[in-house]
Structure formats: structure tokens, C-alpha cells
Amino acid sequence: MPADPSDRGDDPRDDPGDQATTVAELRQLVEDFVAERDWSRYHSPKNLAMSIAIEAAELMEHFQWLEPAEAQRAMDDPVKRAAAAEELADVVGYCFAMAGAMGVDLSQAVRAKMLRNHEKYPAAVFRGKPSYERPADENLG
Amino acid sequence: MPADPSDRGDDPRDDPGDQATTVAELRQLVEDFVAERDWSRYHSPKNLAMSIAIEAAELMEHFQWLEPAEAQRAMDDPVKRAAAAEELADVVGYCFAMAGAMGVDLSQAVRAKMLRNHEKYPAAVFRGKPSYERPADENLG
Amino acid sequence: MPADPSDRGDDPRDDPGDQATTVAELRQLVEDFVAERDWSRYHSPKNLAMSIAIEAAELMEHFQWLEPAEAQRAMDDPVKRAAAAEELADVVGYCFAMAGAMGVDLSQAVRAKMLRNHEKYPAAVFRGKPSYERPADENLG
Amino acid sequence: MPADPSDRGDDPRDDPGDQATTVAELRQLVEDFVAERDWSRYHSPKNLAMSIAIEAAELMEHFQWLEPAEAQRAMDDPVKRAAAAEELADVVGYCFAMAGAMGVDLSQAVRAKMLRNHEKYPAAVFRGKPSYERPADENLG
């Protein structure tokens, strides 16, 4: 038992953060938590897909009735930002569990998808235009 | 233009994968993609929360009509797994964009939430029991 | 002010039920509730679409960790059924508000969509097959 | 095969609409459609809850990147309104199927929930205030 909570990584000041944390390290945190409770029996891909969607809806609740500009300003309030960040962490945590249940390397999946997005939405065509406004004269060839 | 696609990172064999990829590296991929298209104007927290939920629903579609065991077996089929992995990558990609729009370090948020989960669901109490079955005689003190 | 709550329709035994209730009557209940609180200012189509999705996720929560057969059996438990029915009512209530905000007759929209579904999924082709298994030799002509 | 499409109710001019359509009539349309295809085997409460959420997300897609005022104006465009109405009809259709799978009278469920909402959000307290801003000095007694 550590004498000081910061030894266990409880202190966010000690947290290495996104710059020094690999995806595998975060995945391991989730995997250990699930294994310690023998919860993998509940973590089928079907149930985890539902769980991701449920947590995504809880994240939406923080912005449901706010105008977009209000919602943006709410993120300058540390209390509201922390509450929304907790929901975002839930979504991401279940995404890690899902990657495990699917047998997928998440970094490879994200890199592969971003390459497809670069092909589907060339910067020269879509700069400043929303993704649903595909120009009629677009030539992707 | 590189002579070899692997120079651009297209080749998954060259992908360092979750073990050697930091969260910041993946976040940067998404941030650059958005910046090159000047899409940050659309990426308000409210719109991104909707986008995460929309992509989560597209992930669910892959398992909608399957029995849980069928859904698990479907992940042994490389084509079906790759299709579902693409949707999972979309969810995660929007989560990275959301972390940016919220000004949140995702690794810190995930670590902090996992610590709260450890307190809320002690392994000694919940081992083998689903999270919604909190025992009446549970003593968390 | 009625002397007896059943005069106000509080008593489900007096409720005319689906056989004798028009869609317009239920829509009116929701419209009056919103008008009395001056909440139409929050009920933009964008916010209501989010609200429908949020309530749909709360409905999913009742089935998240259950095997499909367990979930079906849970609906034989009056307490669990009532709790899930409350979430379903929330989804439908927001759908009524959405029809109002969109200026849409819901019965016409449902009838029109069911006709399209009949064309898209002919009974002779899809009987006993899931909707995603469109036979290769299907001839819809 | 009818000589005139209006005989089959295809012509929206002949549709009785929300004023003259009972909830039971719409539920029957969905029930017959499912029975003709022997799809009740797929229509477990768990799967239908997922389906409602999936269709809700498709409805959100129509408003995902629009400012709230733009989204409202889009509903003045008959083509965009019809496209969104089709998704709304999908959500409602699955809600009818869900009521069937759960054994619930939807009109009773909606009336009961609206009564609870009247108690939870008294008009005198919440007029003009969003539902999440419960006043500290509120006296519901």
C-alpha cells in the first residue's frame, strides 16, 4: 500500500498525459479492471457497442439544451468541463474494451481510417465546406 | 509523392500499433486533418457529442440483429471485423476531436475515471456480479 | 379542479388506451405541457433529435447487460416493465414534440414509410430472413 | 392488385392523418409487416431498443453540422423535411414494435409519464426556465 496517493498515480499533476501515454497503457488499465471483476463475460461486442452508445448519450446530455456557443463556453467552467470529461472517458474506456473484445489494434484502425478520410475528403475540395456538401464538379480521379 | 506506400504509413505491417503509439500522436492525426479542411468551425462540443453518438450507432448496426454469440463469432471473420473496426475508429477519432474542443487531456481523464470506478465497484464486492447488482450488505467504508 | 383524480385521467383503469386514442390526442398532451412552460424555445429540431437519442439510450440501459432471453423475461416483471415503459414513453413523447417542430403529420409519415418498407423488403423474399440478408438472386422488378 | 394507388392508401391526400388515426391502427401496420416476414424472432426487447437508438442517430444526422437556426429553416424545405420525417417514422415504427414486444399500451404509458412530468416540472416553477435549472427555493409541496 503506497504511503502517498501520488505514488499510485492519483495525482493528476503526476499524470504523464497524452504526450507520454501509449494507447496500450490505457487499454491495459481497462483490461485489468475488467479482469479483476471477471466482467469479460458481460463484455461481448454486442453489449459493448450498446455501452459505447449509452455513454455517448450521457455525454450529449451535457449539451442537450445549450446553444452551440453556450456549450462551448461551458467548457471554460472547470466543474462543467470535468463532468463532461468524465463521460468522454467512459466512452473511450468502453472503446478500449471493445477493441479488446474485437481483437483490434486501435492505433492501426485509426490510422487506416484517417487515410481513407484523406482520400474521401481531399483538403483541396473540402476546405471550408462541410463534409455533406460534395461539389458536383468534384474530380477525385 | 513517395515511391513506396509504406513510406506514407499506409502499410499496416509498418504501423507501430498501440504498444508504440501515444495518445497525442493519434490526436495529432485528427487535429491535422480537421485543420487542413478548416473544419474546426463545425467542431463545437455540441456537434462533436452528436457525432460520437452517431458513429456509436453505426457501430451498433453491425451487431443489431445478431445473437451475442453470433456477434462474437462475426469478429473472427476478417471482413466483418475490419468493417466494425472502421466504425470504432470513427468513434475514437471524434473522441479525440472532442478532447481537443473541450481542452481535455484524455489520458488523465481516463486514468481519473478508472480510479473512480475502482472505488465505486470494489473487486472484492463485484467479482462475477454485474455492475447493476450492488449487494445490499455491501460495505464500501 | 376535479374532485376525483380519475376524472383527470390519472387512473390507468380509465385510460382509453391505444384502441381509442388518436395520435393527435397524445400529441396535444405533449404540446400543452411544453406551451405551459414556454419550452418551445428549447425545442428546436436539432435539440429534439438529440433528446430522442438520449432517451433511446436510457431505454437501452434496461437491457445493456442482459442476454436477449433474460431481457425478454424481464418484461414479465411488472416493475421492470413499468420502468422500461417509462423510458419508451419519453422517446415517444419527444417524437411527438419533434413532429410538431418539423410540421409533420406522424400518421402520414408512418404509413408512407411502411409502404416503402413493403417495397424494399417483399414478404416473399424476406420471410424468415433478416433484413440485412438480401438474396443475390432477388428480383424486385 | 388495385387499379388506383389511392385505393391502397398510397396517396397522402387520402390519409386520415393524426386527427383520425388511433395509436392501435399504426401499431397494427407495424405488427402485420413484421408477422408477414416472420421477423418477430429478431424483435426481442434488447434488439428493438438498439434499433430505436440506431434510427434516432440517423435522425440526428440530418442536423449534425447545422446551427440550430439552420436546422429549423431546413424543415421549411419539403425535400429535407420529408427525408427527416422518414427517419422519425423509423424511430416511431420501432417504438410501436417495442410496445408490442414489451406488452405495453403506449397511450397509457405516455399519459402516465406526462402526469409524472407535470409533478416533476410544475409550470409555475419552470415557466421559461430549462428543465435542468431547478430553482433552489422551489417548493413542490
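Just so it is clear, A, B, C and D label the chains in written order, and each chain counts residues from 1 on its own.
Throughout what follows, contacts are C-beta pairs under 8 Å (C-beta built on N, C-alpha and C of every residue); 3 or more make two chains touch, one makes a residue touch a chain.
These are the chains along with the protein names UniProt gives them: A, B, C, D = MazG nucleotide pyrophosphohydrolase domain protein.
For clarity, every value in this text was computed on a predicted model and none was experimentally measured.
**Student:** Give me the step distance from subunit A to subunit D, shortest route via touching chains only.
**Tutor:** Between subunit A and subunit D, the shortest chain-hopping route counts 1.
**Student:** Considering only chains that satisfy the touch condition with subunit B, which of them also satisfy it with subunit C?
**Tutor:** For subunit B paired with subunit C, the chains in contact with each are A, D, in label order.
**Student:** When contacts are scored as defined above, which chain pair ends up with more C-beta pairs, C-D or B-D?
**Tutor:** The greater number of contacts lies at C-D.
**Student:** With over half of the numbers shared counting as same, classify the subunit A/subunit C interface as same or different.
**Tutor:** same
**Student:** What is the distance in Å between the mean C-alpha positions of subunit C and subunit D?
**Tutor:** The separation of the two C-alpha centroids amounts to 4 Å.
**Student:** Per the centroid of Cα atoms for each chain, what is the distance between subunit B and subunit D, given in Å?
**Tutor:** The computed centroid separation for subunit B versus subunit D comes out at 30 Å.
**Student:** Send over the residues of subunit C in touch with two or more other chains.
**Tutor:** 42, 47, 50, 53, 56-57, 60, 63, 65, 68, 130-131
**Student:** Which subunit A residues qualify as touching subunit B in the complex?
**Tutor:** The touching residues are 9-10, 12, 15-27, 29-30, 33, 36-39, 42, 44-47, 49-50, 52-53, 56-57, 59-60, 62-63, 66, 68-69, 71-72, 74-75, 81, 84-86, 88-93, 95, 98-99, 101-118, 121, 123, 126-131.
**Student:** Where on subunit B does subunit D make contact in their complex?
**Tutor:** 42, 47, 50-51, 53-54, 56-58, 60-61, 63-65
**Student:** Flag every residue of subunit C that touches subunit B in the complex, lowest number first.
**Tutor:** For this pair, the touching residues of subunit C are 50, 53, 57, 65, 67-68, 130-132.
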